[in-house]
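Next come two complexes built around subunit A: one with subunit B, the other with subunit C.
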Partner chain A sequence: MSATTAQPAALPLPDSLASQRRVMLAYLVWGFSALMIGAAIGPLQALNYGGFNAYHWLRPVLQTYYQGLTIHGVLNAYIFTFFITCGLLVYLPARELGLAPNMLLWRLCFGLMAAGTVLLLYAMFDNSSSVLWTFYPPLKGSPWFYLGMTLVVIGSLLPLPILLDLRSRWKALRPGALTPLVTYMSTTTMLMWFLAGGGAFIELVFQLDPWSLGLTDTVDPIVARTLFWWTGHPIVYFWLMPAYVSWYGLLPKQIGGKLVSDPMARLTFALLLVFSLPVGSHHQFQDPGFSPIWRGILTALTLSVALPSLITAFTIGLSLEFTGRLRGGRGLFGWFTALPWRNPSVAAQVLAMLTFIFGGAGGIVNGSWQLDNLVHNTT
Partner chain B sequence: MAVGSLTTWSTTRPELPGHFHITVGTASAMTFMGVAFWMMPHLTGRQLLSRRLALASVWLWFGGMSVFALGMHWSGLYGVPRRAWVSFLPQSVYDRVYGDAHLPLTLVAIGGVVLWLATIAFYIVFLGSLLTRRLPKTESIPFAQAFGGRESYSIDDGETAGIVSCHARSSLASVLEHLGVLTAITAAATAAAYIPIFWPFLHNVTQATGWKVW
Partner chain C sequence: MSDSAQPDDFEAAFHRSAERHERAWVMVSIVLLTLLLAGTMFFVVFDYGVIVRTEGFRRDPAVLADTSQGLVQTGPNAYAVQMVGHLWAWTPSPLHVPQGAAITFHVTSTDVLHGFQVQGTTINITAVPGVTGAVTYSFSHPGTFNIICNEFCGIEHQAMLGRIVVDPGPPPKVTP
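Moving on, here comes the complex of A and B:
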């Protein structure tokens, strides 16, 4: 090894590959920096519930609990997740297919979302826009908040044309071939998000931007809420599907095994695409204008979204068990403890799956008609 | 008393934040943290700062978030409101209103403090890994292979594995290849769901002026 260190350590990379890595690193660092601020504020909210008001001591930086909660929600739920997803879901397919993505669009995506982040940070830290992450009107923040959010939404839609271009270039060389799995999952995720993003886009561009800029005097809150939930429910799958990309497309290799079924992974993503979209208004059972018939339909549709996650639980579960038994695991749970727990990347993802069992089960409970009425409004 | 306040606060309770902290806040966030652990060395050519500290951060995140979410779900059953600055209340009032939920609310706070430790551990690893020494060989992307025909290939690290067409073609996968059709079906279902919802709104316009309540 000492002999090789005389050479530059890393292998020389082609220019296009090196620039893809730099852009991906920028997405990763920007996204995790947002989470760093958001996660640092999070425990203040937890202490609030324990009866300890830490906001007394944070006066010049944070004025109120609601300001802290807004920053926590916006940075963690939008900025962190969007940057990681818009980075990974272009970089991984491009590397899988061995093609260069459209770097201009990918950099534009980063630039729009980064500019949006800066506007949002300004609007939130000056305490002009403590409207929480749902930014429900008639709560009214500063124009910078809504303009920043608009840039973030527009930027987050740009990976779709990049992926469609990659996929069609790859398929043009191989007529009749099936799209490789990671590219398939990434494209499906972005198609879902393209259809989902319409609600937030219309709400921001036609309602909240002109209203906050003073071009209109009033806003229709029920229309805004409905548009918000058109996007706001499917957004949970925009958070989840990139994690599934890693669970299906990468983790089996990381633990030293194989994915037990490729078609089941595709079916999961196709079902998520179809079922994610029409269910958003289950967040509005307390709002006027939703008949019992609609509530029934929305409840049934909401519960159907559990199906692809159950497919995932069994497909990934079996992939883990297969590998655990290869590694010498015996008995009912021996395969689980035999997984490579010393690898932090594996431990993080398997623990993430464990919590998702409880999260998914709780989601089904919260989605039931009776409980939805109690817990589901405003998210 | 707890039952009384349950109806009072019926629109908004902490089960949902409890729920989404173990979904997006752990299932997604911790998967992304796990991805960062291999991807940082892959992108920068530098080694991960500390495997042990990385492991500690994810176990602390898992433990902290589990305790936090248990407290959130549980306190919701007592009718504690969500998104409320409850600690702003005078101590005597806080105790009178939320005394019954004292244990779950304490769990929420404890979970939060553990998460602070997890966050610190994670960012020491994440940011520290930008400055560690260079690896002799770059880590490649762990693309998985599947049973059956369809496989993903890594063509990273300068070595081209080549992409071969699928041997055992699944009919399900072939049907699902028509992403345009799937998207059109989804768009139609979305329109079918939302047009009847929006229609009455367009005929009963509400005009609200802005509020600033903070």
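Moving on, here comes the complex of A and C:
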């Protein structure tokens, strides 16, 4: 055990949240199980690119490359991330505040997403819904696919009321006290997702569900694309912000140091809340009727998202250096090697940051308007 | 000492006042963000054509575009062509175009989404059923260019290819 398990007195003993922890573990087990299935298909795609089609041997489980790609995308991008986020970002604030969350809502969230996952798995594995994770109409999957997706989206919106209720109960006991950091960051993430989730919700409930069930005959593909990307781009912040919660909220304590700037952490999340929302249409730069002015605005907004990430790189970097020097690190990079690398949780998070620097830098390059034209809609 | 109580009173009063200001600022920020969102959404609708001012790029998806004419001359050195994506080919293909002329492609689809991309050029526009997009390009060198589909459209998506053959034009005039 590292020194980090010594909690401030205000925090509850771990056992007072034992039942919450069991629910959280259920979320984690579902999430990582989805990742296991989804990621297992990744090598098949690599083999396919290498000129080797492994799908012949996998019938009747998997029929085609695109079926595998759909399962890969849906499980990795939606199911894995939604379960991890909705599990951790309710448990961590409850632990920080020492209050029990609304278990009925939290279990309902789990139930809806689990039922949605089952429907999605059925629709994808019966080879009726190879529409990829973007599921643009009028390419059509089975109704089970869209209904499953609807349940997953509705379920993922439920942690917001849980967190708002937790925070207001805590505030009622301590008038004037500042919301603790992890709760602030988690609530901001869920607020962002509530605003962003509207697009997918409207697309599914008003367009794709009735259309796939045969209640309506037609669907407007341009409106559907716009609604999809309203949610589809901010979804990356629904994955990113929980990682930031972990880096800001957990890592400084795990390495036995402190976060050097609390306001910077809050500013980062406020900026992400603002910038993540209106940029999704940059995935539609090549659509007919898209004006250069609007593209310019979206390019600027897209690059603005780099700002909170640069603040994070600085603040977390400084927090790491603070601890590294405290532990006797000397010189230009000595503080980095002096970090507690033997703790796998620390090593995993710091290595994840290093890879995120390359990923983020690549994202800024791909954010350019001109490159989007040549490398299709990758911004 | 009475001082020991006073800082608490001061701090409490300070905090109450600060919170009032903070609430005001939060309200101002929320109002600004709401205006920004409303303005942005208005611009999306007004400019992008989600609710179109003009029906110019909308067309009846039931009426198929006429691709039989092929390349049509529209000016001294300008041509236009109706390019249609369908499961799983581009029509017309192969398309012969003169080198150096401004070619306008009017791109649409008759079934699902396709992506009209010509390799080695900046031509890249989504083919959407019910909508016609336009892109203009001049091929500066003769040769054969591949049209690919860059929007997933079903089981033969990767094989949805077309060809554009750029025929050599007259040698460029040398300006004195």
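Basically, the second predicted complex is superposed on the first by the 360 of 379 C-alpha atoms of A that agree within 3 Å, B and C clash if a C-alpha of one lies under 4 Å from a C-alpha of the other, contacts with A are read in each partner's own complex, and residues count from 1 in each chain.
Basically, contacts are C-beta pairs under 8 Å (C-beta built on N, C-alpha and C of every residue); 3 or more make two chains touch, one makes a residue touch a chain.
Here the structure is a predicted model, which means the values were calculated and not measured.
Asks: Who does A:35 touch here: subunit B (first), subunit C (second), both, or neither?
Replies: A:35 sits against subunit B, while subunit C stays out of touch.
Asks: Applying the touch criterion given at the start, work out whether A:136 contacts subunit B, subunit C, both or neither, answering first, second, both or neither.
Replies: A:136 contacts subunit C only, not subunit B.
Asks: Counting only touches as set out at the top, which of subunit B and subunit C does A:289 meet: first, second, both, neither?
Replies: both
Asks: Pick one for A:50: touches subunit B only (first), subunit C only (second), both, or neither.
Replies: The first partner, subunit B, only.
Asks: Just checking: does A:366 make contact with subunit B only, subunit C only, both, or neither of them? Give me first, second, both or neither.
Replies: Only subunit B is touched by A:366; subunit C is not.
Asks: Please name the chain, subunit B or subunit C, that touches the greater number of residues in subunit A.
Replies: B
Asks: Quick one: classify A:274 as touching subunit B (first), subunit C (second), both or neither.
Replies: both
Asks: Please write out, lowest number first, the residues of subunit A touched by both subunit B and subunit C across the two complexes.
Replies: 64, 66, 130, 132, 138-139, 176, 220-223, 226, 274, 277-278, 281, 286, 289-290, 294, 297, 373-374, 376-377
Asks: Which of the residues in subunit C come into contact with subunit A in the complex?
Replies: Its residues touching subunit A are 12, 15-16, 19, 33, 36-37, 40, 43-44, 47-50, 52, 57, 107, 111-113, 115, 117, 122, 124-126, 128-134, 150-155, 157.
Asks: List the residues on subunit A that touch subunit C in their complex, please.
Replies: Result: residues 64, 66, 130-132, 134, 136, 138-139, 176, 220-223, 225-226, 274, 277-278, 281, 284, 286-291, 293-294, 297, 373-374, 376-377 of subunit A touch subunit C.
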